[in-house]
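Chain naming follows the written order as A, B, C and D, and within any one chain the residues start at number 1.
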C-alpha cells in the first residue's frame, strides 16, 4: 500500500499554528465563561475571536482558497479541526463550527455561481452565520428524515414554504437559512425534498425559543423556527428540485466527520487534563497514575483516541476519493460518538470529586459531548443503516 | 428460606403516601426550577416543603420514633426513599437527603443523651441542617480517608481543631458540623481520628466558596470549610476519642445505601419518562418502543433497576442484622452507581434530541446522578476494597 | 420487610453436605475426564454417582418428599443447586440436572396420579432419565416457540404424532419423552400446543445423531429426534389438550432459575480457582492479586456473583408465591447468563496462559457456560419479552 | 495527507488469489476435521497444503524475495494474511502461521549471512518448522519477560544453556529453536538476555508434553521444553549478546500485528456465516436479520472489523517506517484481541442453538480466538505499558 500518514509541511504548519492559537488565545476565554458561549458574548465574541484567528492565519482552513480559506481536503482537515476542537470555543473562532462549516462545504459543492457570491462568500468570511433547517418536531423529520412535513408549493416565480422546525442550530442571528422542504410525495417517502436558500429577513421566517440543551458552545442556540408562507424565488433553489435528500448526503457525511474531529479534540483535552492530574496526585501509597485501575482508564482512553483517529483516516480517504462514504462515515461517527463520551467520562472518574466540579472543565466537556450520540443521527439509526447494507447484501447473495 | 419480600401494611401505606406526595407536590417545583434547588429558594423552599411533608404524614420516615420519625429500619427505608428520590427535591422535602439523613442515623447510634437533645432532636425535626466535615483537598483525606490532615489537639477542657475541608455538602447554612480530625498518628495512618460536634457559629469556623458541581439538588452547596483554632469542649466529642474511623463506618454503610435508594428513584423516573415517550412516538414505520434496539434499552434498564433493588435488599438485610456490611454495601453501591447512570443515559438516548434538551428532565437527571460514581467512595476504591478482602482471604487460605 | 435471608438449620445442613459431597467425590471425576461426561462413562457413571449421592443423603433435594426427595421450594433450592453445580458433573450426581430436574418439577405440578406413578416416581428416583421434546430445526419452534410444527392428530383412543425435533437434551438413553406437539392452529399461532408423555420405546420414536455442542456435561446428548406416526393414548396427555404453551410456562420459569443456580456454582468455581492463583503468583514486582487491573476483575466477579444471587432470591420468592414470574425469571436469567460467562471469562484472563490450558478447568467451564445465553431462550428473546411488557403497559396507560 | 489506501495491482492480485485458494482448497479440510490440525494430519497435512499453496502461487508472501517469498511489507501483508486467516488452517498452508512467520521476520532482520543460510532459508521454504523458546512457567518469564530464569553461561567456544520453558508453540517437530536465555543480571532485571539458535537435535534439548489449550489449529502443539546443559556455539548467537530483549521487540511488534491479521480473517468468517444465517432464517414474524437486536449485533461487528483494520493500517505504517511501534502495536493488539472475540461471540449469538453446535464452525472459532487476549501479552500488560508511557510523559512534563 502506498500509504503515507504524515502531513505535508504546509499542513503540519497549519496544525501547529492552530494548536498554539487555540490554546493561548481561545482556551482562556472558554474557561472564564465555563464554556457557555452566549454568556461569553455570543456573536460579539465570535467576531473578535475570528478577527484574532485571521490575524493568526488559522481562519477557515476548510473554505475554498478563492473564498479565503486554505482549501483543505477532508484528510487534512482532521488534525486541524481536532486542534480547533481542543477548546469548545475553537470551532467558532476558526469558523469551522456546526452548522456553518457543513454549509460552506455543501454550498461549495452544489451552489450556483450567483448563490456562491450571495451566500457562500460572506459565510466563508465570517461576515454572516447560517442555519440548516431540516429537523422537525415529532411526527416530522427527526431521526428519520423521510418523515419530512414542511412543504414547499410551486407558485409563480418561486415557492411558498410552510412548516415548523426545531433544534435548528445557530438560527438565532443567522444571516440565512438552508431550508429542507417537501416538494413531492408525502411524509414517509424517501424522496421528494428540495433545499432552498433564504435570507433570515425573508417575510414569514420566525425564529422561536432557544431549546435548552446540554451543550452550550454553539452560537445562536438550537431554536424552533417557523416558516409561514415564506416565498423563495426560483433562483434560490439549491441544486435541482426534489433532490434535497441526495444533497443532504453530500453534506451529512463530511459534517459527521468534522463533528468527530472537533469533539475528538475536546475529548483529548479532557484526557490530557486527567492524565496531568493522576500523574501528580497521590493516594493509597502511590501516585494515582501508577495504580492499575487508573492505568486501565488511561489506556482505554488512548485506545479510544487511536481508534477514532484511525477510523477518521479511513472515512476521510473515502470522502476525498469522491465517495458519499455512507458506510464509512456511519461507522466512524457511531464509534467516535460513543468513544468520545467514554473518554471524557473516564477522565472525570480519574479526577474524582474535582472531576465533577467546575474547578476542572471535565464536567462541562461531558455535558458538551453527550449529545453527539444523538446529533447527526442517533447511534441506533446509524447501526440500523450499517446492518441494513450488510444483511441486504447477504439476502441478495442468497437469491 | 423464610423469606417475605412484601412490606407490612403500615410500610406499604407510607410508600404509597410518599409516592403521591412527591409526585403531586414536589415534582412540579423541581420541574419549574429545572432541578436547581438554590434557584428554587434554598432553605426557604426547604422549610415550606418540609411543612407540607409533615402535613402529609411522610416526614422523616427514618428518624427514631421518639424524635418524630417512623423509625424505619434499612429494609423498609428502601422503597420509601426510592419514592422520595423520584423527584430530585424529594429528599429535602422528606428530610431524608444527604448529609442530614446519614447524620441522624449516626447520632442515633453514637451520640450521648445530651448530644441527642442538643443536636439530633432539632435535626430530625428539620429545625436545622447539618454537615459532615471529612473530605479534604489533596493531599488530605479524599478517596483515601487515612490521609486525614485536619488536627485536633488536646487543651484544657476540650480540643483545638485546625484544618481545611472541601466538598462539605450542606455546609452553607448548616446549624452544626460533625468534624473529623486527627487526634493521633499522622496522615496515612489507618487510625487516630476523632469526631467532634460543633455549632456552626463556633469561633474559627469559616464556610468558604461553593464548589460548583454537576449536581444541583442538594441544599447548602458543596463547600470549602476552614477550621482555624476551633475550640470544642470535651462533652462534644462524639463517642470515644481516636475511634472516628470506626464511627465513620457506622455512617458510611447505611449512607451509601440511602444514596442508592434515592438515586434509584431518580433513575426510575428517567426510565418512566423514556418509556412513555417511545410508547407513543413513531418512526421508521413503527412505534419506536417496538423497535428492537429500543427494546434492548428498555430491557437493560429494567434489568439494571431489578438488580439494583435486589442488591439493596441484600445489603439492607445485613445492616439490619447489625453488621457493618462493608462488603455488601460496597458491592451494592458500586453496581448501583454505575447502573443508575446507565439507566438515565439510555433514557436520554431513547428520547433523542428531546432527551438532551430541557424540555424533558433527563439531561438534568444525568447531571445529577453522574457524581454518584465518585461520591461516597469512587467505584475504583470500592472495587479495591472488595478485591482486597477476597484476595486476602485466599492468601490466608494458602498459608 | 419481614425478611430473613438465612436458611433453616435443615437446609443449611443440606447445603453443607452437598458442598462436601460434590467437592470430595464428584470434582475428582470431572477433572479426570476433563468435564466430558460421555467420556467418563455416561449412564454407568450416572448410576454410580447417584448411588453415592443417595448414600451421602444429598440426592434429589428438589423432588417431592413422597418421591424420595427433600421437597425444597425454589428459594431453598438455590444454594443447594449452586453447590451441586460447583462440579459440572454435580447436577447429574444429585439428579438435579437438565432436563430431568425441570421435568420432575413439571410432572409434580401437572401430571395425573397415574402419570406420576408411571413417569415421575422412577424419574425422581434416578431409575430412568427423560427428555423434553420441544425445540425444532428452522423454520420450526426455536427461539420462538409459536413456530411449532410437530403435529398431533386425534385418532381413536389417542393421538398420532409426527415431527422432527433437535437439540433434545438427554434424548439418547432417555426412558420417556415429553413431547410438545401442535393440536390446533398453525405454525406462528401463540396457542394450540399439547404435551404428551411417551415411553422411549414407543413405536415411531427415533433418536438421531448427537449434535456436537460446546457443552459436554449433560448426559444423553443434544439429539435430533424423529416422531413418525407415534401413537400416544389419551391417558398420556399431560394436563389438558391445547394448553401446552401454558404448561411450558410452568416448567420454563423454574427451569431457567435452576439453570442459573447450577451454572452460578460453576462460575463460582472458576472464580475461586482464579483468585487462588492470583493470590499466589507474582509478577511485575507484586503478587498479581494486588495489582489494580487484577483487583478490578476480582471485584467485578464478586459483583456479578452477588447480583446473580440477589436476582435469584427475588425470582424464587415470586415462584414460591405461586406466580409464573415470567418477568422476574426473564430478568434473572438474562442477567445471570451474561454474568456467569463474564465471571468465567475474567477468571481465564486472570490466569493467563494457564487459563486457556487444560491444566486448569477454566477453559472447560467457559465452553460449558457459553450456551446458557442461548439455551432456555436467548438473551435477545428475554429482552424482547421484558420490553414488550413495559412498553405495552405504557401504551395502555397513554390511552 | 498524501494517503492512498488502495493496493497495487500486484498486491491486489495476491489478495484475490489467496482468497480463492484458502476458500476453495483449505476451508474444506478445516471443516472436515473440525479445526483440529493434529487430527487432520499434522505435519503431513502441512506439507501437502504448502505444496498446493506453492502451486497456487500464494506461498510465503511475507518471506524475502531471495528466499522465495513475495517480500511484502507489513502494510501489504495485512489484507493477504487476513485472507489467509479466513480458514484456521490457512496460515499453516501459506507458511504464515505463528511462530514461523515471526521467526522468518526476525531472522531476516537480525541473522548473519551464515545463519540465514542455515536457518532462514529452509524455514522460509517450509522445509522445517521452528520454535521461539521464551515463555517459562511461574515464577519465570510469562507476562513479564524480565522474570527470565533460563540461563546461558559462557564456556569455551560457546554457551551452556539450562532452563525450563513452556507454551512453546510448534516445539514438537520443530527443526530448530530460538532460545531466549539470561546471560547477565538476575530474574527481574530488564536486560541481560541473549537469543541463541539451536537445531532441535542438539544434545540436551527435550520436548515435553503438549499443554492442551483452547486453540487447536497451530501445528506442533504448545509444549513444555527442557534445556539441560545445551551447548550452543558462538556463531549461533543471534545478534549481539545481552541484546535479546531488544531483538524480542523487533519480533514482537510485527508478530502481534500478523496475529491480528490472521485472527481478523477468522472473525470475519464467523461474521459472514452469521450474517448469511440471519439473512435467511425467520422468526417473530420477520427475517431475523431485520430485527433490531440482531441488527445491532451485525452493526457492532462491522464497527469492530473496521476499527481493527483501521488500527492495523496505522500500526503497519509505523512498522514499515522502521519504528518499533511499541505503542501503536500495543493499542492495535489490545483492541483487536478483544474485538475479534466479540465479533465471534456475537456471531454465535446470532445463530442461537446452531451457533453453539458443531454444525457451524462458530464455536470452534470462538475457542480459537479466545487465547489471543492472553497470547503475545495479555490485554492487561499492554494496557499497563500504554498507560506507563502516557503517565510517564505527564510526570516528566510536570517537573
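We take it that a contact is a pair of C-beta atoms (placed from the backbone, for glycine too) under 8 Å apart; a residue touches a chain by one contact, two chains touch by 3 or more.
For reference, the UniProt names are A, B, C, D = Acyl-CoA dehydrogenase family protein.
This is a predicted model, so every value here is computed, not measured.
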Over half shared or under half: which fits the residue numbers at the contact of copies chain C and chain D, same or different? same
Between A-C and A-D, the pair with more C-beta contacts: A-D
Approximately how many whole Å separate the CA-defined centres of chain A and chain D? 40
Separation of chain A from chain C, taking each centre as the mean of its C-alpha atoms, in whole Å: 51
If I count partner chains per residue in chain C, which residues reach a count of at least 2? 291-296, 380, 383-384
Which part of chain C faces chain D closely enough to touch in the complex? 135, 138-139, 142-144, 147, 166-167, 188, 211-215, 222, 281-285, 291, 293-294, 348-349, 352-353, 355-359, 363, 366-367, 370-371, 373-375, 378-380, 383-384
Flag every residue of chain C that touches chain B in the complex, lowest number first. 1-8, 11, 75-76, 275-276, 278-280, 287, 289-290, 292, 294-296, 298-300, 302-303, 306-307, 309-311, 313-314, 317, 327-328, 331-332, 334-335, 380, 382-384, 386-388, 390-391, 394-395, 397-398
So in the complex, the part of chain B that touches chain D is made up of which residues? 291-296
